[in-house]
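Shared between the two complexes below is subunit A, which has subunit B as its partner in the first and subunit C in the second.
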Partner chain A sequence: MEFQLLVNAAPLLGKALLQTLLIALVSITLAFTIGFVLAEISILGGRTVGFLTRCLTEAIRGVPLLVFVFLVYYLLPRMGLYIDTMYSGCVALSVFFAMYVAEILRGAFRAISKVQSEAGLALGMSNWKVQTIVLLPQALRIALPPLMNLAAIMIKATSVVSIIGVWELTLATNELVMRTMAPFTFFLAALVMYFVLCYGTVRCASHLSKRLNKSQRS
Partner chain B sequence: MLRPRAASQLRGSNVFDWSIIVRSRADLLDGVVLTILLSGIAGALSLIGGLVLGIARIKCRGFVGAVLTAYVELMRNTPLLVTLYLIYFGLPMIGLELPTFGSVVLVLVLQHVVFVSEVLRGGLLSVPLSQIEAARALGMRPMAIFRIVQFPQAWSASVPALIGALILLVHDTSLGAAVSLVDLTMAAKVISQRTAASFEPFVAIAVCYSVISWLLSRAGQFFERRARIAR
Partner chain C sequence: MISVRNLSKSFGTHVVLKGLSFEVPQGKTAVLLGRSGSGKSTMLRCLNLLERWDSGDIEIDGSPLGHSVEPGGEPRRWNTKEEAAARRRIGMVFQQFNLFPHMTVLQNVMCGPRHILGQDEASSRALAIELLDQVGLKEKQAAYPAFLSGGQQQRVAIARALAMRPSVLLLDEITSALDPELVGEVLEVVRDLKRRGLTMVCVTHEIHFAQDVADHVIFMEEGQVVEEGPPEAIVHAPKTERLGKFLMRFHARNGAPAPP
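Up next, the complex of A and B:
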């Protein structure tokens, strides 16, 4: 372990870490939004729409993330969208994980007893109101811990977009290793950084789920 | 300015060219075989290792237990790709020359041992303590208790999650392409470099991976039904 090398590379690694964080934030936000819309569509839409969204979810979940990243990377220019590689990676990550978000939210909505929405309808609320005032807060409470875990998984998954050439922590580390021939130093440093990010998120998730359960019981 | 390019795009490359896939089916088949081989070997090894690690995490307390927990947390919270790079580029530096296939298997096992152990640990802990006490009261030996009472129930409880882990493993093998292992994903890269068709090979391998995942989940449902008899 050459400590001096690490000190010299610290600014670069810091910049790469920020880039990873940026990619993670953008994709997590997008994934949660798309996933939420998808879940609502499949719940509120009829049987056909539900079936179609299920098919989409299953199709995308059957494919490895790396392959999906490549697909999006090559598909977007074909559709006439010439965007930066970083955004293409973000789009791939967010669409891929949106399917998981949708699945979690759908499960959360299903976990709420049907009596709740029936009571809401009996009180004369519109479908929309039942959805937003009665069901959504409860569903979010159920779904928040698994969604946080998914966020941690997404932070880990940002490393995959380095393969299509997005400059972030993994690619930066790789370049540093090629230049300095010190694989242990830099890859271990990268591992530590990823670990801190993901473990922090996971701890937040477990803390959150404990608190939410506490409020549920009383 | 933009119009002509868009039009030529439509005429030129927007058509899905099936012939590329048909022509390079040998490469794709080789890739499928290697991916299945890789997942088979890594899956079997991580199942065995995961069982050992899962039992060790239940039995071991104190220092060893803390080390095992630390390992599990470390592996769960770091990206597989970086671990792969660390092993692939790091081991030769300390004089251990592994072939690419070997190092990819090693990394996959290192990572998936953890997932499998978590699943099996949950399964083992889900067996009520009263049953184990009852077995002990009947005078069964510890090995017999594990083999006859504890393990079958734990197994049938964890089959669905194990199949999920196996599908994840198959998907993770695609990262082998990052270190130029000629699996399914690398086959697509090779084809796209040879034919200059970027999109078609990736659609083809996406379909391959989907079919493999679907078959595995169907097999999982079958095994789940069979394993339920034990309950």
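Up next, the complex of A and C:
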């Protein structure tokens, strides 16, 4: 390992790591939001709306991420949206993973007994209040482990957007390798950084889920 | 005052309610008695619009439930907003308590005034504590429902319904899921509410419950009222053969001698 190379490249790698973190944060936030909205639409909407959202979910889940990233990259300018490549990448990641979030949340909502909604309705809650005050906190408790798992997968998936030229950890590492011809040094360094991000997310998740479980008998 | 007139309801081809009629005067407690499948729970759920009926009318305090009659027009079925507004005046307690497991006892009771009536934090909390005191659970306010006994959970559920200040309280088999030794504490709360003059409709298949709290017992079978009257008359002097059979079977199962 050429240690000196690594030290020289540290500021650049740091910047790239921050960029990856930014892409991950934006994409995860957007994916969770879109996913929640989709789940609510398929639950509260009628049969037709529910069917259409499920079709959309299944369609996008059946496509490889790489292809989807390309598709969004070429599609957005066609639709008159000329945005920075980075945002194009974020849009692709968010929409793609929102489908998984929607599925996880829909399943979690379904796992809560129907009598909980009835208890809320009987008190005089609107459907929306039943969803947000009664069901969502319970659904999140069920959905938190798979959602955090998905967040970790999304952090790793940000590397895919390097393919459309978004400058982040993977692209930066690749550039460094081209320049220095030291692939092991830099790819290992990138690997460690990805690992720290993902492991950190997983640890946060188990801490959070312990806090959410305090209402349960252990 | 609740009045039910000629109520019918079927699930597909299965007829659950066959032209049911009864009245519950203001401040009185009516008990719908009958074995499971007699339609009594469905009846109660209609009173809270959790179930919709096919024909007939329900009036609560003189105004029709479930639809409004506009001058010169057809009756218009309520939308979900109007249903929710009506349910605020009609409390309901379930067999399985159905407390919100992610909220503490206090949050469960505060939930109605705070999130539905939009009252401020302090006054909802004060009301919730007062009601928890009334059902004897003030010291459990910080506990989560999973850490309470069935009887305690059911008392919290009653307090939660009362926090909406309902004019009518519906009780659906509220002691059926409890261990026998916990039934007493819940019945005590119901008797207390009766003394305070709350209008209540209870559903049960237990004769003791009916004897204990009812002003008026309505015995139902196959979606129809078979016999109704004051509890002593219903339990000790059944006029119809069907009620007699029901009582006999109940006493046989519970080891008590059949009534004369």
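The rule is simple: the second predicted complex is superposed on the first by the 210 of 218 C-alpha atoms of A that agree within 3 Å, B and C clash if a C-alpha of one lies under 4 Å from a C-alpha of the other, contacts with A are read in each partner's own complex, and residues count from 1 in each chain.
The rule is short, and it goes like this: contacts are C-beta pairs under 8 Å (C-beta built on N, C-alpha and C of every residue); 3 or more make two chains touch, one makes a residue touch a chain.
Remember, predicted model here, so these are calculated numbers, not experimental data.
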Three-chain arrangement built on subunit A, subunit B and subunit C clash or fit: fit
Most subunit A residues touched (candidates subunit B, subunit C): B
Touching partner for A:187 - first (subunit B), second (subunit C), both, neither: first
Which of subunit B and subunit C A:177 touches, first, second, both or neither: first
Centroid geometry (CA): angle subunit B/subunit A/subunit C, rounded to a multiple of 10 degrees: 110
Touching partner for A:87 - first (subunit B), second (subunit C), both, neither: neither
Touching partner for A:62 - first (subunit B), second (subunit C), both, neither: first
Touched partner set for A:162, first subunit B, second subunit C, both or neither: first
First (subunit B), second (subunit C), both or neither touched by A:122: second
Superposed arrangement (fit on chain A Cα atoms) - minimum subunit B/subunit C Cα distance in Å: 28
Touching both subunit B and subunit C, residues of subunit A: none
Residues of subunit B defined as touching subunit A within the complex: 6, 9, 13-14, 73-74, 76-83, 85-86, 89-90, 93, 170-175, 177-178, 185, 188, 198-199, 202-203, 205-206, 209-210, 213-214
Contacting residues of subunit A [partner subunit B, same complex]: 59, 61-68, 70-71, 74-75, 78, 80, 152, 156-160, 162-163, 170, 173-174, 177, 181, 183-184, 187-188, 190-191, 194-195, 198-199, 202
Of all residues in subunit A, those that touch subunit C in their complex: 115-116, 118-127, 129, 133-134, 137-138, 141, 214-217
Subunit C residues touching subunit A - in the complex, by the definition given at the top: 48, 50, 80-81, 84-88, 91-92, 94, 96, 98-104, 111-112, 115-116, 144-147, 160-161, 164
